[in-house]
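Consider the two complexes below, in which chain A is the common component and chain B and chain C are the respective partners.
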Partner chain A sequence: MSETPSTGFWQRLEQIPRAYIYLLLAVVVIWQLVFPIRFEMSPSPSSKGVYDAIRAAPADKLIILSADWDASTEAETGPQTTAIMRAILSGKKKFAILNLVSPAGVKLADARAVAVAKEYNATRGLDWCNWGYKVGTSNVIIGLTKNIPGTVKSDSAGTPVGKIPMMAQVHDARDIGLVIEISGSAMTEYWIQFFQGVSGTPLANAITAVMAPGYYSYLDSKQLQGMLVGAKGAAELENLEGRPDRAMRIMDVQSWAHLLILLLVVVGNLGYLLSRRGNR
Partner chain B sequence: MWPLSLPLAALFAPAHGRALVWRIVGGLAASILLLVLANTVLKTRGRRALIVLVTFLGGLFFTLEYFLPVSDRWLWPAHPGSLVLWLGVLVGAALAVAGMVFSTKLWDSLRGKASLALVPIGIAVAIVAYHFARRLPARIPNTEGAPANFLTPWIEPAVIVLMVVGSFTVGLGVHSLVQLHGRTLLRRRAGWFNSLAFFVAMIAMFAFALLDFYTETPPKMPAGVLPFSKAMNEVLFTGIYQPLISATFSLLAFYIASAAYRAFRIRSAEAALMMVAAFLVMLGQVPLGSWLTHGLPQSGPFAFLSFFRLERFGEWIMAWWNAPAQRGILFGVAVGALAMSLRVWLSLERGTFFSQQPEASGEPSSAESAGQP
Partner chain C sequence: MAFNPHIVVIWATALATLGVYSVLYRENPVSRLCEHIFVGLSLGYLLAITWTENLLPKWWSPIVTDGQWYWIFAPVVGFLFYFIYSRRLSWLARLAMGLFIGTAAGQSFRGLYPLLWPQVTSSFKPLRATPSVAWPNVILHNWLFVIVLLTVLSYFFFSVRPETKPGRVLSRSGSLGRWFLMIAFGAMFGNTVMARLSLFIGRVQFLLHDWIGHYWHWLAQKMM
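Let's look at the complex of A and B:
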């Protein structure tokens, strides 16, 4: 796209070519990846809510991780998933992964579960399982409230639910201690409408930062016990667990990237305002 | 156990081996026969009526299952609220179906007014009555102790049917893509190589994913070595698809930086206010922002200043300013969705395929009668 020819210094500030902006951002990101500068983080109430909900879930009940994400949002939802799995397994709770939106996400969440399970000596089928992708979104959720084995039928590897030991005592919504929706799409509403609203099971979510503004109402109404907002939420959960990891590294980068964007906005506006003044 | 549960249980009992094959073949044959019959025997009007009826029954089932309380004493027509509910939806349905089949001005006016009024009134009365009746002892039928009404045992079969119908939409999508790209490829239109890439990618992913699913890894395989099908699926999915889609979305960060710089100009007082809020929230979201204001005391006589720590102030903007605005939007959307759902449920919504299709009898379509070209 052609750039408007600049006529003065202030106007030039207003019209920095996008290639330079991309380059600046790339430099900042690489700089922080190679030489990170880390700042302290204090957990937000919404992240603390997720941590507390996991801690409060009864050990004899299952936690459903509705991992409705794929590679497109993995930068945020991936670390969130890992941090949540760690919080669950460190508390000696059990979880089942479910995917209602993206079949491509099943393997990604599974790989993270395998890695985290190794850290805690957790066993597939005893401490965690992967129900895989189920077609039907809201219908599946409705089915889960009444009959979990009948709705899930088999796990992601095709193993019938009846042959998964940890599923022996799981029948319906009353056997679920907590649902955590991890998503880059608006799936939380479905869980609120068709599961939490019907069964009263506690619900929390982990979403991309851009989605967060829409969910503060549900936090306020206590329909959501907590919310992890983007990589920041994952980093806060990592800190609450006392295990800073990948999400904290992302936050190192994001701090400076945000600052760069804010500086660019200031520079653009300085150029805009001062060039208008010059024209008058 | 409810009497209807027995035939249902028999119909949906798991089958294995030859019985499963026969069921699949039988199911496919029945589906094809039904589709052929629907397309040959039924005229446009008949197909429309069929869709109206199925849509209505589907919506009616889930609505009633949700609203009907879990009590014997509640069953239709024992309770006035329930009676009004049934009456409302049935009259609405009858009017809607009749209106679609016999499209006359009289039916149109009845369908537009009476059904739309009766259905919500029926539901509202039933909800109010439910709140009075819910203290009645709950009946626990055959759902392993879970509270249920007489429709609850049907939930699972209904969900299965919906999942099967939902799966057909995937086939429809694939069919549409194949048709579009096949045409481009065969006629060598501009960009035909993209269509070729589509076919290669789709067939490769489909074939190797299926092979991977059905291939058992031999127990004596050396560590790090996979069977060919599994290795290929790993290469395609983990090696190509995943990095490609991650990279595509990562580019958004660069576009956002550029777009924020170009578009965010203080052209008015509102824009200035928005920019201040954006600055505070963006800085409050990152550890650097917290560090900038970490010197503000959290205890002592000036503890009130801690409110201005960026992470707290940003959270305050989100929870106290953003949330009420979002709630207002949510209410508006919910009311709109309710009205829209009612229109879809009762097939009052125009602009669907059948509304655009001319009648076999020569009757003008709704688009034509509305004066559209």
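Let's look at the complex of A and C:
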């Protein structure tokens, strides 16, 4: 088969070995982590919605953080959780962590709460608590609308709810100012169906970027007050809080990685088109 | 430098990360080993957590410490599922399945209205400018929304013969809807790439910051 030299070159561009592409991506990521070049960031309306919902939550009511994530999505949901906790504690509000999906995630969210609480001199049991992992997903959510102490019973360390000071005035959904669902799974629907849709309590979510396209319709219908999309959402909340941290660093790196991917897509397609023309 | 058990965790995590990523070059025994360790750990963890977080507080403790003896019958219902393997007694398994399916269907039915009805009502958008919403916004948002909604719905409408006049209209509208769906899938794929990259950056951040970074600080202290 005879090939012109130019066709061979474009065909080679189209078939760059994937190991080289991964290597190039790793080089760009490491380069940007070591010598970051910052991109300007403006918060999206969905992230602003989460920030506003936290600000609007009454100080005398509890915010539930349904931290339904574990190590597999921590790069996105971890910074989201930290940024949300900071936004809550900086507004002098209280939160309770709950996990309905992944028992492995309870300690991860707890560690982040301990670190954030230290920054704001917040006390466990007074400003925040961890209800731990509860089995039963929808049944637990239904139970929370009517009887929170009876459903939660004890926190992650086994302390009965009655002995947690901040839980003294928390009885049912009327004592909840906001629910924020943080996960990489479709848990938001459960909270809409069995909590927000029943009690009218405001709901927001923080999800992995893969999940995001399916939830914009819930923002449009106001079933969700706001939504943090992946690490980008976490970075935007950090920006709104005025506390740049790990998520903003991830997004700086990610922007460069996206530029590289765009370049590779263009090169690959250009190679395809030109090699096809060469074959004619 | 004093021994810190946390260092062992960091080293194990770093080596496992590198081991798993080594598959990007080619299939190799190290990545296989990491996979097997991960699967074994996950299964062991799942078994332990099922007992400590589920069976112990919800079943064992109520029987033993609270005297709620009737919970003894809960596993009996669960074990009914295994009668599916018996041709003669499989009807017992159907009893258990019926119970679970009925409960799940009831819950889903209950949740349908709060989930979907607000979506239906929010799709009724004003198509004329109002004092609060200017024309450009109406055309860009509301008209576009309604056009996309109707064309995508028409793509999934199969009850009219395509050779009839209404069928041809629906077919053209459905083609446009298909394009809109393709754009949506493209957006979804873009988000997937973004999510996967975030996970990768998270791992590299760990390797540079928590693993190598730990020794970098230690080395800097030694040299000062």
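Here is the rule we use: the second predicted complex is superposed on the first by the 273 of 280 C-alpha atoms of A that agree within 3 Å, B and C clash if a C-alpha of one lies under 4 Å from a C-alpha of the other, contacts with A are read in each partner's own complex, and residues count from 1 in each chain.
Note that contacts are C-beta pairs under 8 Å (C-beta built on N, C-alpha and C of every residue); 3 or more make two chains touch, one makes a residue touch a chain.
Computed from a prediction, not measured in an experiment: that's the story for all the values here.
Undergrad: Sharing chain A, do chain B and chain C clash or fit in the superposition?
TA: With chain A aligned, chain B runs into chain C, so clash.
Undergrad: Looking at A:Phe39 after the superposition, I want to know if it touches chain B, chain C, both of them or none. Which is it: first, second, both, neither?
TA: In the superposed model, A:Phe39 contacts chain B only, not chain C.
Undergrad: Quick check for you: in the superposed arrangement, does A:Ile30 touch first (chain B), second (chain C), both or neither?
TA: It touches chain C, and chain B stays clear.
Undergrad: In this superposition, which partner touches a larger number of chain A residues, chain B or chain C?
TA: After superposing on chain A, more of chain A is contacted by B.
Undergrad: With both complexes overlaid on chain A, does A:Ile261 touch chain B (first), chain C (second), both or neither?
TA: Both partners, chain B and chain C.
Undergrad: Does the superposition put A:Val135 against chain B (first), chain C (second), both, or neither?
TA: The answer is both, since A:Val135 touches chain B and chain C.
Undergrad: Thinking of the overlay built on chain A, is A:Thr73 touched by chain B (first), by chain C (second), by both, or by neither?
TA: both
Undergrad: Once chain A of both complexes is superposed, is A:Thr208 in touch with chain B (first), chain C (second), both, or neither?
TA: So A:Thr208 only meets chain C here.
Undergrad: Which partner does A:Leu13 contact after superposing on A: first (chain B), second (chain C), both, neither?
TA: Neither partner.
Undergrad: Quick check on the superposed pair: does A:Gln223 touch chain B, chain C, both, or neither? Answer first, second, both or neither.
TA: A:Gln223 sits against chain C, while chain B stays out of touch.
Undergrad: Figure out whether A:Arg249 sits in contact with chain B (first) or chain C (second), or with both, or with neither.
TA: second
Undergrad: Could you list which residues of chain A make contact with chain B in one structure and with chain C in the other?
TA: 18, 22, 25-26, 73-75, 104, 135, 198, 209, 212-213, 217, 220, 229-230, 232, 254, 257-258, 261
Undergrad: What does chain C use to touch chain A in their complex?
TA: Interface residues on the chain C side: 24-26, 45, 49, 53-54, 58, 107, 110-115, 118-119, 121-122, 184, 187-188, 191-195, 197-205, 208-209.
Undergrad: Show which residues of chain A lie in contact with chain C when the two form their complex.
TA: Per the touch definition, chain A meets chain C at residues 18-19, 22, 25-26, 29-30, 33-34, 73-76, 78, 103-104, 133, 135, 138, 189-190, 192-194, 196-198, 208-210, 212-213, 217-218, 220-223, 229-232, 246, 249-250, 253-254, 257-258, 261.
Undergrad: List the residues on chain B that touch chain A in their complex, please.
TA: 62, 66, 143-144, 146, 148, 152, 155-156, 158-159, 162-163, 166-167, 170, 213, 237-238, 241-243, 245-246, 248-250, 253-254, 256-258, 260-262, 264-266, 275, 279, 282-283, 285-291, 294, 311, 315, 318-319, 322-323, 326-327, 330
Undergrad: Using the touch definition up top, name the residues of chain A that touch chain B in the complex.
TA: Residue positions touching the partner: 16, 18, 21-22, 25-26, 38-42, 44-46, 70-75, 104, 107-108, 134-136, 139-140, 142-143, 146-147, 150-151, 158, 171-172, 174, 198, 209, 212-214, 216-217, 219-220, 229-230, 232, 235, 251-252, 254-262, 264-265, 267-269, 272-273.
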